[in-house]
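Contents: one structure, followed by commentary.
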Amino acid sequence: MNSFGRLFRVEIFGESHGPAVGAIVDGCPPGIPLGVADLEADLARRRSGKSGTTDRREADEPELLSGVHGGRSTGSPILVAFRNADTRSEDYDAFVRVPRPGHADFSSRVKYRGFADPRGSGHFSGRVTAGLVAAGAIAKKVVGFASFETCLLEAGGRQDIESAAAEAKLAGDSIGGLVEIRVRGLPPGLGEPFFDAAEAVIAHALFAVPAVRGVEFGDGFAAARMRGSEHNDPFVNRSGKTSKNGSGGINGGITNGNELVVRVAVKPASTISAPQRTLDFGTGEETTLAPGGRHDACIALRSAVVLEAAVAISLADLYLANTAASAACAAAPEGESK
Amino acid sequence: MNSFGRLFRVEIFGESHGPAVGAIVDGCPPGIPLGVADLEADLARRRSGKSGTTDRREADEPELLSGVHGGRSTGSPILVAFRNADTRSEDYDAFVRVPRPGHADFSSRVKYRGFADPRGSGHFSGRVTAGLVAAGAIAKKVVGFASFETCLLEAGGRQDIESAAAEAKLAGDSIGGLVEIRVRGLPPGLGEPFFDAAEAVIAHALFAVPAVRGVEFGDGFAAARMRGSEHNDPFVNRSGKTSKNGSGGINGGITNGNELVVRVAVKPASTISAPQRTLDFGTGEETTLAPGGRHDACIALRSAVVLEAAVAISLADLYLANTAASAACAAAPEGESK
Amino acid sequence: MNSFGRLFRVEIFGESHGPAVGAIVDGCPPGIPLGVADLEADLARRRSGKSGTTDRREADEPELLSGVHGGRSTGSPILVAFRNADTRSEDYDAFVRVPRPGHADFSSRVKYRGFADPRGSGHFSGRVTAGLVAAGAIAKKVVGFASFETCLLEAGGRQDIESAAAEAKLAGDSIGGLVEIRVRGLPPGLGEPFFDAAEAVIAHALFAVPAVRGVEFGDGFAAARMRGSEHNDPFVNRSGKTSKNGSGGINGGITNGNELVVRVAVKPASTISAPQRTLDFGTGEETTLAPGGRHDACIALRSAVVLEAAVAISLADLYLANTAASAACAAAPEGESK
Amino acid sequence: MNSFGRLFRVEIFGESHGPAVGAIVDGCPPGIPLGVADLEADLARRRSGKSGTTDRREADEPELLSGVHGGRSTGSPILVAFRNADTRSEDYDAFVRVPRPGHADFSSRVKYRGFADPRGSGHFSGRVTAGLVAAGAIAKKVVGFASFETCLLEAGGRQDIESAAAEAKLAGDSIGGLVEIRVRGLPPGLGEPFFDAAEAVIAHALFAVPAVRGVEFGDGFAAARMRGSEHNDPFVNRSGKTSKNGSGGINGGITNGNELVVRVAVKPASTISAPQRTLDFGTGEETTLAPGGRHDACIALRSAVVLEAAVAISLADLYLANTAASAACAAAPEGESK
């Protein structure tokens, strides 16, 4: 389904060329200072127009249609909506017949039996992530004690990201990228052993972001080649601080109070202008596809803030769940069992 | 929480040295041929005693306590329980005071305020995965059209896995491993764009398995260094078959009918006999920990079937959800909107 | 939380005097003919201005902001929003200090710590049910095989409803009412024994509607005074038809194919103009409350279509769940267990 | 599905004549004193053998198979199982062919396609409520500040319950009953406006109990015939105490700190020895059914503690949800929105 979370619940809606996109956030505690200005910084990071990204320009002005009163959250569901304006639907019609390699054109047509909105990739558009970013900005206020630091480590295998993206754009091609998200200030205790391990919940949200191919925590895939004596993190003080952080801040599915470190592999955008061989599902014959339209040469540039939002949403949910458990534990009856 | 799935729901219970471990499966359709013998093959793969794994020996004889009648599932919840027998609790008491580096000893003590069962790592024990394997065996019957192929590609960075594990054991150390799971025969259409993308649901289940540090699909982390023209999979026939499989069988969060390919990084077991520097939380001083007890030199050997079970459970859930949507779609009213 | 349903999921948002109210519907199968005109009939039934109801007038013009394309549902979340226009916030400010007897003023202030939007009762307003009615209209399309018949059996204990409401209005008072909903054409098999019995799911949705005090099925409370030989419904043909319908169409939590019959007790609106004794929470002294503002003399008049919507939403969810189970059952593997 | 609750989650399993029945409780906070002795008082209330109930005798000895260590809950899932012993399966076989009027025989056969365990009504047996009672006893420890008082107000329309039940038994018939549950000591603030109103969650759990036909709160169905000036509850002090309790302790879906009052209509047991006309689904002809076997003359006698357990489970879940929200609210960041 299109919702996420147990206590801090987010649902995404909208199609690229429909009337609006956005998100609804349920479970935000009341009393949190919140206005559209609080969403602006992250939306600006996501906004199109940067080098290496699509030329589509949207004002991305969010409306808070419910759940906020007097500059604070009320405890009721918060609806954030973005009206769509700059739409050019004619670009996309052909993909129903010749689905793009690597894209959801084919699989979504099967799933939705041809009824999905094909315009601008509809509900599969990167445009839809605007709602996720807004929800992430709200989530960050819930876990206001935590600080997020996200960077694109490399793109197309290179650290010189700007020029790698420019080259790909010139070639009518696209490149993938590697995003790292670090979160400091998390308390120990977030996550459940089965099945809602902190990694499991965070990875769930991250893989929901379009174009993600891999997720790893701490030493990640390198840990598969390590010995326990190398990978284990010795404790150095009673607050649980460790001298290294191979686990990325999570032991046994539960945060240990050290920095959370997660890396995400973002694939190259599937829509490219360079010609690709693929199938014409109308004729059943091979054909060459070279779509026009606006494309991202390096979606990882914009994915960074979206992935950060996904992590923030996960952490807000894990935090509220743990808060509930802790408070109930504190309120539990004294005494012995019979 | 300790449950997983929307329509095929699995909940895991039990502690390593408590009376029993197991799983309860809700949502298994009625009429599926099922008996304890159907669980045996996978349980045998998981069972202890193989080279490189712990010396603990459990008969692992499952009991089907509910939900099965006359050799078939009834549609009611299926409870699979394994009685614990071979327990040696004295091994583990010290870890409350000196938590093992890399282990849940510390984080679980914070979370459960000292009330978690510490014996044999309690609910965090690898023993608990017996229930997951049993649930996975049931899940495979639900997706009986699919075939699973799982292998340990390497351990400790080497393909000579037996000797790598033997060396680590001799050194009182442990090694990680890389597991690959391939599933053939899946229909296109499994998964939802937000948030229950097929990768998201599968990764959620995989990261719930102890010791997982990374998950990648298809080209995985390599995709971050690729160009779209390299990574994209051209379609070659109308059933959606592609000439290569960089996406690992999933486009836009929805299976495309090609082989599902997922790789999982398993870290080395945190409990090792070789001495490790860490903190004595009693004195607040550094100390050296060299636990006795029974340990796995290479848990990835046993993780393989557990991870396969996690994938099977995810797929059973995604399959039932998609079946529901498809059937409802087929039953939807004709005609036009007003 | 503010959502309902497992497969046909509805979430309600909005405050009476905020920018908008509405609902988001996730899980609606793709391909269902749907436009704003399809919502009109039920919204007209709910709309204010009828005798006995509030004088507030809203155009109640829904916008379909997502999930619909080309006159049909796409399978993505459907967002229905109603902009608020005719608001007079000054009426309600005093209720923060002197909470209305019988109203959520007090309990919501405790729960939301004073941050809930008090204007027009905020998220507790009857206005919010517009979204429920819209979601119900969509649900009815999903269970297009079923026909709904809802009537207000009595109000204020009288069958002459118009005049009872008029009298109450004249007295500055309000009256309750008894609503009966009948649904024909349901297939047998909807509902789960524990905990999602058909009655349980339907009652959950009904009690979520403001002002509901009781729910009963078939013989209802009268069954508590009956003998089994009176209450039991003899079967008369192999399709499960019974000669009477004391069970209201549900046996063991599962629909039996007979007419669903449910009755709902709606309390009188708590806001009345006649003076009431209650507490001034500011002074801690007793006071007399006689609010102005716009009030319903008989909310049951408008509740009828809202309650019908709640039943429709429940049935859509139960239907999709049963469809999933049936389809999976049909697809289950042949053969024997080992 | 067969589970209930968001934070305090209960799942019921087992069939009347299968190996075991019971419940699994997830989300119980760690550190709560708990042992089998704590379940005994409620199980004793439920146990068969009282006047007016079935002659089946089960020791009803619960086993706590997980989630408890050292006399306290650990925070992991708690599995309570009851082995079945006294089974006489031959009594029930005929009901597959001639389904009992008023019973789930027919509707469950349709739903489960003939695969449900028919012995002793399988998963539909009253026996299965043993797990619910055990879960309720655990729930009561979570809401240890609340006191429960439950009574059977009348049976078969009479207050002389013992003799009414005896008469019905003599006549080979059964009688219904009216159960009232009162809970004192609840804090204000439990419940959500949409959809998890306190009444909605409690009614959901109550209607999951077999044989429930109606649920009402406070004035209940009588409120439908009242005026607002009669039904409203004036506040008398700042803690929210009211001078009367027509609302049954809930305003706007949220508890107000007054006594919770709920009444439940329990229908007469459908299985009676007196002959009933119904259909032989084998021949398609009418027939007379007069089953032997063990039957309850007045199931309401045993339902009382089961219904109380359902209320306790609901309240534990609502309490943990509210605790989470409150704690998060308290931890929310200070300051203004941008």
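By written order: A, B, C and D. Residues from 1 in each chain.
Throughout what follows, a residue touches a chain if its C-beta (ideal position, glycine included) is under 8 Å from a C-beta of that chain, and two chains touch if they have at least 3 such contacts.
Note that this is a predicted model, so its numbers are computed, not measured.
Copies chain A and chain B of the same sequence differ by a rotation of 180 degrees once their CA atoms are superposed, given in steps of 5.
Here chain A and chain D face each other with the same set of residues for the most part; over half of the interface numbers are shared between them.
Centre-to-centre spacing of chain C and chain D amounts to 24 Å, using the average Cα coordinate of each chain.
For the pair chain A and chain D, the distance between C-alpha centroids works out to 42 Å. If each chain is reduced to the centroid of its CA atoms, chain B and chain D end up 35 Å from each other. Counting partner chains per residue, chain D has residues 1-3, 6-7, 12, 27, 30-31, 72, 75-76, 111, 113, 123, 193, 321, 325, 329 touching two or more of them. Across the complex, chain C is touched by residues 1-3, 7, 9, 11-15, 18-22, 24, 26-27, 30-31, 63-70, 72-79, 81, 111-117, 119, 122-123 of chain A. Those residues of chain B that touch chain C in the complex are listed here as 6-7, 27, 29-35, 37-38, 40, 71-72, 75-76, 141-142, 144, 193, 319-321, 323-329, 331-333, 335-338.
Residue ranges on chain B touching chain A, taken from their complex, read 1-4, 6, 10, 12, 99-108, 110-111, 113, 123-124, 128, 132, 154-157, 168, 171, 173-178, 188-189, 191-197, 199-201, 203-208, 210, 212-238, 240, 242, 246-248, 250-257, 265-272, 274, 276-279, 281, 284, 286, 300, 321-322, 325, 329.
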